[in-house]
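Have a look at this one.
Which chain is which? They are A, B, C and D, in the order written, and residues in each are numbered from 1.
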Amino acid sequence: MVVVLKKNTDESQVQNLVNWLASLGIDVHRSEGEYETILGLIGDTSHVDTDLISGLGIVDAVKRISEPYKNANRKFHPDDTVIDIAGHKIGGGNFQYIAGPCSVESEEQICSIAKDVKSGGAALLRGGAFKPRTSPYAFQGMRAEGLELLREARKETGMPIVTEIMDLSHLDLFEDVDVIQVGARNMQNFELLKALGHTDKPVLLKRGLANTMEELLMSAEYIMAGGNSKVMLCERGIRTFENYTRNTMDVSAIALLKEKSHLPVIADPSHAAGLSRLVRPLALAAVAAGADGLMIEVHNDPAHALCDGPQALRPEEFKEVVREAEAVRNIIKDFR
Amino acid sequence: MVVVLKKNTDESQVQNLVNWLASLGIDVHRSEGEYETILGLIGDTSHVDTDLISGLGIVDAVKRISEPYKNANRKFHPDDTVIDIAGHKIGGGNFQYIAGPCSVESEEQICSIAKDVKSGGAALLRGGAFKPRTSPYAFQGMRAEGLELLREARKETGMPIVTEIMDLSHLDLFEDVDVIQVGARNMQNFELLKALGHTDKPVLLKRGLANTMEELLMSAEYIMAGGNSKVMLCERGIRTFENYTRNTMDVSAIALLKEKSHLPVIADPSHAAGLSRLVRPLALAAVAAGADGLMIEVHNDPAHALCDGPQALRPEEFKEVVREAEAVRNIIKDFR
Amino acid sequence: MVVVLKKNTDESQVQNLVNWLASLGIDVHRSEGEYETILGLIGDTSHVDTDLISGLGIVDAVKRISEPYKNANRKFHPDDTVIDIAGHKIGGGNFQYIAGPCSVESEEQICSIAKDVKSGGAALLRGGAFKPRTSPYAFQGMRAEGLELLREARKETGMPIVTEIMDLSHLDLFEDVDVIQVGARNMQNFELLKALGHTDKPVLLKRGLANTMEELLMSAEYIMAGGNSKVMLCERGIRTFENYTRNTMDVSAIALLKEKSHLPVIADPSHAAGLSRLVRPLALAAVAAGADGLMIEVHNDPAHALCDGPQALRPEEFKEVVREAEAVRNIIKDFR
Amino acid sequence: MVVVLKKNTDESQVQNLVNWLASLGIDVHRSEGEYETILGLIGDTSHVDTDLISGLGIVDAVKRISEPYKNANRKFHPDDTVIDIAGHKIGGGNFQYIAGPCSVESEEQICSIAKDVKSGGAALLRGGAFKPRTSPYAFQGMRAEGLELLREARKETGMPIVTEIMDLSHLDLFEDVDVIQVGARNMQNFELLKALGHTDKPVLLKRGLANTMEELLMSAEYIMAGGNSKVMLCERGIRTFENYTRNTMDVSAIALLKEKSHLPVIADPSHAAGLSRLVRPLALAAVAAGADGLMIEVHNDPAHALCDGPQALRPEEFKEVVREAEAVRNIIKDFR
């Protein structure tokens, strides 16, 4: 961390700061220039609150040099984290397909799609029971009943289930869910993250619509700081000025998150574009960039698809994407 | 709402859509062109789920023409909403100053600042007990104890208190808080919004960092749909590419929200810029643009301000801003 | 195009508008609702100036339904455009690698890199002679002399050259350049685009840092409207809030531009991330998404690389990327 | 400037870097930590090319501490720049109104509006002759003929004229224009900026749609580095996700640019919002934030306003805004 001091600062206040930092185990190297003085902070600064320092009257600017996250940081944990979900491993070279409908609608629907995506190559079943919707007038999901139907589908197919939590008060309902998903709008719902940190559930943490990779990793850090290290990061598209697509999938984030962190990275090409015909190219791009898994929306009844988003694939399209993605994965493996 | 159909669509599917819309009380006007067919939907479309329609195979695009919010819409409620907070009115020409520290730190601190800002012109006291922080290692606020100290300050000064809720599971703790603040990161925490809709508490709803005015109004709609119409909208700066300031205050939003909605609009110039020296110009700009109130961070001990952000004013600076803001308000009033 | 009228508008003014549109060959379908009147404009609206209509006192909003570009639009030109550059074809299934240094530095440097990238698989040589730099104090390129050295490298290797023009007053200097590149900051330099429209040079048009696909296609339209249809679109990363990477490559744009337009799409993974170690994953992702070519920065002397950006590959790394990209291309081909 | 070195770097390469920096007159202070080494660069680093340093194999990151602009920097030029335009001063406490139509349409139109805005309080006349338009099919302005008509209006009213240049090849045509405007899309047209640096014309430099204040100041630096210090900075709204307004006026930029630089700052509330009814609140907000001038679009014939944008005021509305803005200016002055 680098602290830039204002010109003509009171030396005793500078000493106060240096002493306080020393008490946190941080060494301070000082460089005096004509127009500014720079303090170089050497040591573990991840626990230093930059806002506190910025707030000091003698400080002009604070710049972090090293990352503020520690548990999620590959520097301190060089080996890939591998997460085991009912026998299906993700990370460390292990790749999984997570597929299913946007929303759970009925037992018949979810069980039938579960079978379809299983035979198409998916190991995990996704399905929304609690649905975050911009409008209070839009369908909000089947909620607790939807969770029940997901469990039913798991019983029938043996597939572990992935579903989104919207509030920590629902945590009891998610007790036997296999992977708890935190949606983009809740990426900085810090109370929820803390609560998840005290469970031992694998968490699929989606990147917020306008959040940086560092903020995503800090949210992972919230969960990990509580003791739960089973976090999967999910790139699902960020908000940009582009309006031909719903969001913009940040494919460089997939590669870079894997460099910065040891956590598995999942891509969600369905939500990234919001257009079913872009799912295939984005899925392949995500695999080419090094993703550890794909999460894809699939529905089985396009003729009555009133309740599925415009981004869902049909089961046979999903199967095709899996086949092609596997071919790309093999190339990536061969070349490394 | 306008629905653009794909070319060469199956007529029976179009009829299904038209019939379904008719069942919702919506008239459909059809325009056939060489390259596309446009359906104009006439009627109350606020309850129509655009995602459902976009998902249909025959549909190319859906464009909303009218606003998807109804309770918050000035078209349907032309008169300004006036919210009464323990005798202090906001909206409909009534203007209030809300001031206090970023975080509650001690009884002495909050009571002393409360007296300072009251004498400087503030009617309401703000102070953070639960603090949303990007890092799990940063100070998270005094939480329940902080709320207790705020109540203490209210008892001493008579000022109603405004403080942020971070999770609906804390709602009981906020029972005698005068105004519940929803922070930017929770603007789309829909479960929290729904819960607040079932209380009768005034809610100060902050705009999310990368959210549009329409999304802010839809979040207000969530609260209002539950029966609670005491919502104040708060512009607190949006995320842009600019990095000299923490956020960018969208001053046009202040003027436009008041046009689109009947709800009061509060500006928070402290968080908007994150720099105390910008609070004055931004506060005046917000008043000039028509805000119904200002929320300003004030601390009283800059020498030991380790726990206040770099955006706080000292009490005498706050007083000065109030005096100047009042002068601008008088001009605005004179000219209308 | 859809025009939403204000409530209680003067009928004679509406008739004026309808008559004016009729004179442009556009049919107007009118839908009357309780709160608004919608005019559906049917016909070729690409020549209608939406700003003119928005400016009318009776108009509430104008929404385009169909694309405002015509020459660049696949709807009107279903077949892929194939551009032939000295025998090297791009588009319509033809794929090329464009490689070379960020800046031309010396005859030895450019000729040596040209040979390296040619043997690594590149058909075209890129190299900057005129360099757009944010700072007036940064190296501005060798300018005319750099063009001369590029011609020298072409003579030695037979590779056609691609280089950036910064102002139309330099057009004479580019007379025997094979492909003229328009940089991101000049994407809406309309006078330059018009001038290029009157040449018969292939143009590589880079997407601006904060521009939409539609704006990129409108800039292509400027060139094409002048009679030059040899335009290649280039995705080179857009500005987002992310700061771990210089820009964010919009991989969905690669797939979607090819759907919306018949023009070839080139990806520039070097500038997209600004980090050499991300070039490989982004290059493969771009190929997986359907790009017609890759433009990659290569330098041959990392030990003295003071004049190359942090995004350049060494020749052997470039060769490796080409091999891997070819493998991905083969999969894409096999599956279609 | 701070340079963060990679771990385990070759000491001789570090020495090369230190020696090279020393040759530029820059002192290097070195801080060794467990995970990284930080070099603090002390001295005038405005001429150091950060990209060159980032490109070195031994470097992990480069962070600027001090601003890269020098001529435009208030640190080195504490006094306000005052620009005199035919006797009308801007900056250093001098405030001017610049008004006129979006486009010059006819002699009658421009002369009539000129008289109107003069009597309403404008000192300078604006009017577009060369118009940058997203679509090649939109009206491109009267070009040279429009400049002629502006000169005519100047002759009739004595008002100096402000008009936009789109390409440096037109520079001759602007010889007797009083203020040359550089539009948002040309803010980083570096060849144009250089050419303007070699004239002695006052330049009104508009901020680009997605550019930071630092980039705006660097573009001013381009002009000033050539010897022309008569630069006015113009905030005209930036692109954000908001779609109720065309752009978002960054009111904090007005205050902050005046702190960072000694150059005058003009606000353009007409283009910022793109809605005439927002011009008044935004104009007042800009004045409250400390602007040195306002540039406002005015047309005089709303009934036939087919050629004016939706953001133009009528002359009587302009007069009203001037009166109100003057009242706000007086408050600002009284309080300082």
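Everything below uses one rule, namely that a residue touches a chain if its C-beta (ideal position, glycine included) is under 8 Å from a C-beta of that chain, and two chains touch if they have at least 3 such contacts.
Computed from a prediction, not measured in an experiment: that's the story for all the values here.
Asks: Once you count every C-beta pair in contact for both, which comes out on top, B-C or A-B?
Replies: A-B
Asks: Relative to chain D, which chain has the most distant C-alpha mean position?
Replies: When every chain centre is compared against chain D, the largest gap points to A.
Asks: Roughly how far is chain B from chain D, going centre to centre by Cα mean, in whole Å?
Replies: 31
Asks: Please tell me the distance, in whole Å, between the geometric centres of chain A and chain B computed from their C-alpha atoms.
Replies: 27
Asks: Express in whole angstrom the distance between the two chain centres, defined as the mean CA positions of chain B and chain C.
Replies: Distance between chain centres: 39 Å.
Asks: Specify, in ascending order, the residues of chain A that touch 2 or more different other chains.
Replies: Chain A, residues with two or more chain partners: 210, 239, 241.
Asks: Using the touch rule from the top, collect the residues of chain B that touch chain A in their complex.
Replies: Residues 46-47, 49, 51-52, 54-57, 59, 68, 132-140, 166-170, 185-186, 188-192, 194, 209-210, 215, 218, 221-222, 225, 239, 302-303, 305-310, 312.
Asks: Within the complex, which stretch of chain D touches chain A?
Replies: The contact residues of chain D facing chain A are 2, 4, 27, 29-36, 38, 40, 42-43, 61, 63, 65-66, 75, 210, 239, 241.
Asks: Of all residues in chain C, which touch chain A in the complex?
Replies: Going through chain C, the ones touching chain A are 210-214, 238, 240-245, 248-256, 259-260, 272-273, 275, 277-278, 281-282, 284-290, 320, 323-324, 327-328, 331-332, 334-335.
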